[in-house]
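See structure below.
Labels A, B, C, D and E are assigned to the chains in the order they are written; within every chain, residues are numbered from 1.
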């Protein structure tokens, strides 16, 4: 234990001493400065460690001058104080170290003095147990801060300092006044003393006014909306190190005072006030940052928002009606928030110091040139926006689940705000990773420390809180996730990484075999692991363009999916869901033109995840069993989350670009398996939740319509795509629409159809995307009109694509038809006849793009530029072969897949009978019809061979002619380009359906985005930059607070 | 342009003309003449009435084929310039055997009224194996039909073997063709 | 009459003739032709080039080029012509003034061999493919001789079996 | 089983012959309508034989080579999956292989195969025609599906046999009388299926002379010809089963299919041609709306 | 009460200057005025009519002096507050000097570079 007074006293003394010393030797002064800070760091650390390890149990009470507390000034250091103190000096040390690396700003000595004063003031604010002393420390901090802010001596910094000073003075006036009146009312200045006396005092309006005045002063310092203009200006104008310390440390001290004020000064409206100001600040700030162009101010908005969330949590934390467990969770969440925000935001500000321009466009592409910068930046952004396993995620999760159900609108507020946060942070991410940027400064040690601390804290939080929340992790999955991260080490050789990944997945399959049983989870687990292993095989790194982090992220996606399907608990499912979403975000972002796509993907992932989280929050229990819920809200929220991943209209907007622009190696997984997680989710949502609500059938009917419309419109749009992967993307989305219909029918036949189609869609769409990856790799473009005639160069790929296309179109002898047949049988049995018609039409329209793929890519004239391409790389060819053989085998023997599916559903009440049976001649027989797959296959192949042999024997000499030997009105064609019809294949059809393909949904989403940003733009104008205005806001808000909360009407 | 890459550079082999079905083959070939629609000169306008209601060539089993690949007969309908000849040769060679040439009018025979033209050829049979000549300037549809009737007789009796002659004497024809087509710019044989 | 006065004032007008009420023929020199066309187009309203025509005055050793213009407002036609040296038929293109002139000039180049300096496409084939003789529309080109040499001549002996004749030729060719 | 296959083979040959004959008849009737004599009604046999016995043929690649087989097998398969006489040991064909859904998808196989072969030829007309054909298919499939769904729901079965059985017991039980609007929609979409004239956009002789098989010649073409003929017969038989109450013996089958065959024939000879977008719009509006009348009726009555 | 009113008045005058005045110096003066007003208020709060200043000799400790002097604590507080106020004013003035050296004007509307 170190006496806290020592920290303050030694720092103060050293500040004076440095003031003198720096006249003689700058070097020694600096040495002394760092010695002091290191001492402070260790001293505060020792105290904090003492509390953590349990060696110190009682709060440390320091009597100054030997007077006992109520009379003398005292310092009171409990666990929270020790923590904040430690935090302050850590940040201060990091900031100072950053300065040292970068070169100390001039005048060194004065700045050192001010810096010491600032940190000691913040520590004093934290430690003190006396109100007037608090005021003094606040003033010390403020004066030091004014000086430091101005010390950059740019026009902006001076201006910011002045604004800060004016508003700060008003704030300290409020605090001083209220302290003095408090003394007048209670006769004491000691916090504990006042707290005990205050209970005996009747709360007259005047008295409440005094307390409110104190609170108003604090709220100004805590930067609540709209009296935070000064703070934003400071963030924008001041030296980033100063800002980092202010935002990371000093504000946290004020927050502690806020908590203390809430605890000691029993204020009846504290809860309401913190809700209004915290929530309001949080919500508004997250949105007005959308169009901010200056990165530092933008980070400022984010800081303000985070503080708002903290204030909000404080309101709940101090709410006496809260149950103890919730209180515990909120306390933990506050700690995590503080930690998260301090380190992440300080890191970001210090990173911003390394970039020359603070404008958004100045950040363009800098992530691509600076790997370490990218690491720190991504870690910080992920942590702030709440990506697992970083502390921000756990903080948000804990907070949400601690909020009582009668305040569920607060959840909405938090989640909407978080969505806004995602939008602008990933806009920054997008800007910073797009194109080729320039090299940035290398002063990254301090932010790197922050980032590492964040990761550590995240893991610690995971360990500490996951089980408390009821989140259960399969230890194998955790081990495999650890392996996945470890694959990063092999990054010097992509091939090695690839092989290592295969080994890890193989090991995973080996370990997971017992879990792959005949139940829903086991079925999907098998799909995920085996499917991923196959697709992983096809990611064979043919060139250096695969990113170093590709395989770790890929494996994380795979194993989080495995964890997801194994989850027996909604919250576990959610954690893995988020892990999967964000890991796939990382992967999508690797595509060279995918930055915008990744941004949109992030937004929609967040929409889905947050709405799912809200749904889970509203569920009566967390386990995956039948849950009774009332009303339509919960299923709606849950299903929205899953529909986003399935890219069902109108939530499909992300899919086109995400599928189209993500790395070619990753797209098969995205389409083949990740979208199936949405299927899994919807299935369990329908099974456990929607099945139990009274409006379940109509809800499912609407889902069915959604699926049908998705299938129809996406298919229609796919017809007009000229980019191979975008076409496949739309097709994929449309196909998942069929699965959704099957799920929505919720009859045995329907679910059989859905699961069959799920597996089938994985096979053929995985195959198509793998083939696309190979083709794009060989040809160098994904623009179909520039291909053509590749059948001459890639026969195997053509054959497998052909089979996959036949499966996709659902033409009988290949397995794709089984899903179609089951689906139509189920639909007609159910009597959803309009959906049947739409679905039928959709699958007919699908022939159009099927032909387009085959024709534009493989048939027609081989172009001059492609005349030397080769067959796809060998591993891809193997995967193609495996997949297309399995398509053929399933086509002949659908029972191979139907039997396991039947067993999956056998355990579910009401689903025991699959709705069809097998007969020898009729094949699969349902109540309505029959279909003999084996006969069709034999018949087709047999008669085809017969016809072929007959033809080959009898027909005339067949001469294989050259590519341009075509009847061309007697002309000799000049080049293949003249003859190839690849561009605008369906322009005539477009004229017929132009009303249907207007991108209405995209326009609506864009409109929503534009409207919100425009509105935010207007709101943002209240920060006029004029100090009079700022002061007026302060006064106005204070008056409003006084008027509404004193109880005087 | 790389000709070998894009065109089949191979001379056609000789075709035998026998078999158990020879009689039926000749019979059907005579009654199913598909004509490639290639109007080279003023005779093109006479083909239309021949094939439509008034004269109705379809009753002989004839019909228009849209592409040389499916056609049996090419009608040289009138004068033939060097430029057109080049295309006609390509079209003819792209037709599948057995195939027949019917020449209409005086111009293919001896140049007709274009006997002194600098670009209308005078003797078609130097360049293509003509099976039936229909004289006149221009012959009326009745005459054309009569010509086709004659062609049918020739085919039916197995005497319309211009396509065989062409392949057997391809070198001779080619020499004649290349004599007037200075810059060949085509594959050696148009498949 | 006014038009010709104006033209005479500005350019060298060798001959003038009013063929019809709305058709004038103006003959000028090679030097003045393009300025005159420009003047007619920009100032007199003859904005349309209808045709470029051509006469071979072999006796005089001259070529005559005629540019036929049309004034859409007054419905007047004007033919501007000039003579060109037959031995060295070099002239300039006017296709920048009238884009359609490109094709006319190309044809004249092909048929008469006039070289229009600056015309980007005049060397491409328009009608004739692979022509290797003097341009066929010149009057000193003997088309009958050319046809005889090139395409041969069939002796019109009635009653001769054409098929037989051809097979005789096959044999003759084989013997060679 | 062997006997069954043998009979199926015979029936298939009969179907091809019948299809070729119908083609000849249609040429004859067209000629008579145009005040000509026209070719003999066996002209198509002559053509097929001639094409089949041509001396040379060219191929553009593997897909090009296989496409006629696809076409023939697609047509023959469809023909054999539709029962001609329900319950008959041989004339019910291979209808145990699948129900109406199977048939509807199997119908596409031949078209798709031919489309691929045609596209490989590298002639620009082929893909133009194929894309037109597929677009047209998207057009006529909607009214057809509407009417088929009406029948499936009404008869509570998806098998052709079931639908035929539901129509037994008198001429007024035929679906053409019980569900006239659905039948009307289906028969209008039959015009598109048979590519009769208002919807003749695929082989549009004025623009892309013969459509997809531009590069096909000789024996390839004869295969396609036969495939197309038997495919047409398969459609007539299917329509007979769906709307005209099936057949109890071959005589009835010939009569009814011949009647169905006359319907597109007479339409085709008196109409000019739509553009593709007009054709698709037409199919997606009028016949669909007509069919929807019955669909809604079924939906309410059920 | 007069002290009280006067101090409130001083605060309000200062506030008025801060809110309305366009000149930076006037704003700083306003801040100073507010500071003074608050100090005055603090002193007036501790004042009890009829008592003396809380300057206590040793011998006074013998008597019950606490009933004879005004509340000493506010006076102690106000000393600190005055010091702080002076420090703030000093920093403020130095910032104003910096501002003037940057832009050569004291018009507050010129200092709106940071906004939105």
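The rule is simple: a residue touches a chain if its C-beta (ideal position, glycine included) is under 8 Å from a C-beta of that chain, and two chains touch if they have at least 3 such contacts.
Values in this document were obtained by computation on a predicted structure and should not be read as measured data.
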Chain labels contacting subunit B and also subunit C: none
Least hop count linking subunit A to subunit E through chains in contact: 1
Identity of the chain that, by mean CA position, is farthest from subunit A: C
Between A-B and B-D, the pair joined by more C-beta contacts: B-D
Farthest chain (mean CA position) relative to subunit E: B
Nearest-to-centre chain - CA centroid comparison: A
CA centroid of subunit C to CA centroid of subunit E, Å: 104
CA centroid of subunit B to CA centroid of subunit E, Å: 115
Geometric centre distance via CA averages, subunit D-subunit B, whole Å: 36
Geometric centre distance via CA averages, subunit B-subunit A, whole Å: 72
Subunit B, residues touching no fewer than two other chains: 12, 67, 69, 86, 191
Interface hub residues of subunit A, defined as touching at least two other chains: 957, 959-961, 963-965, 967, 976
Sequence positions of subunit D contacting 2 or more other chains: 53-58, 214-215, 218
Chains that touch, pairwise: A-B, A-D, A-E, B-C, B-D
Complex contacts: residues of subunit E adjacent to subunit A: 11, 15, 18-22, 24, 27, 31, 34-35, 38, 41-42, 45, 73-74, 77, 80-81, 84, 87-88, 91-92, 94-96, 98-99, 102-103, 108-109, 111-116
Contact set on subunit D toward subunit A in their complex: 52-63, 65-66, 68-70, 72-73, 76-77, 80, 94, 96-102, 105-106, 108-109, 112, 115-116, 119-124, 127-128, 130-132, 134-135, 137-139, 141-142, 145-146, 149, 152-153, 156-159, 162, 214-215, 218-220, 223, 275-281, 284, 295, 298-299, 302
Contact set on subunit B toward subunit C in their complex: 82-83, 86, 109-111, 115-123, 125-126, 133, 169, 172, 175, 179-183
Of subunit D, residues touching subunit B in the complex: 27, 31, 34-40, 43, 46-47, 49-51, 53-58, 205, 209-210, 213-218, 221
Subunit D contact footprint on subunit B (complex, rising order): 12, 15, 17, 21, 24-25, 28-29, 31-32, 37, 52-53, 56, 58-61, 65-67, 69-70, 72, 96-98, 191
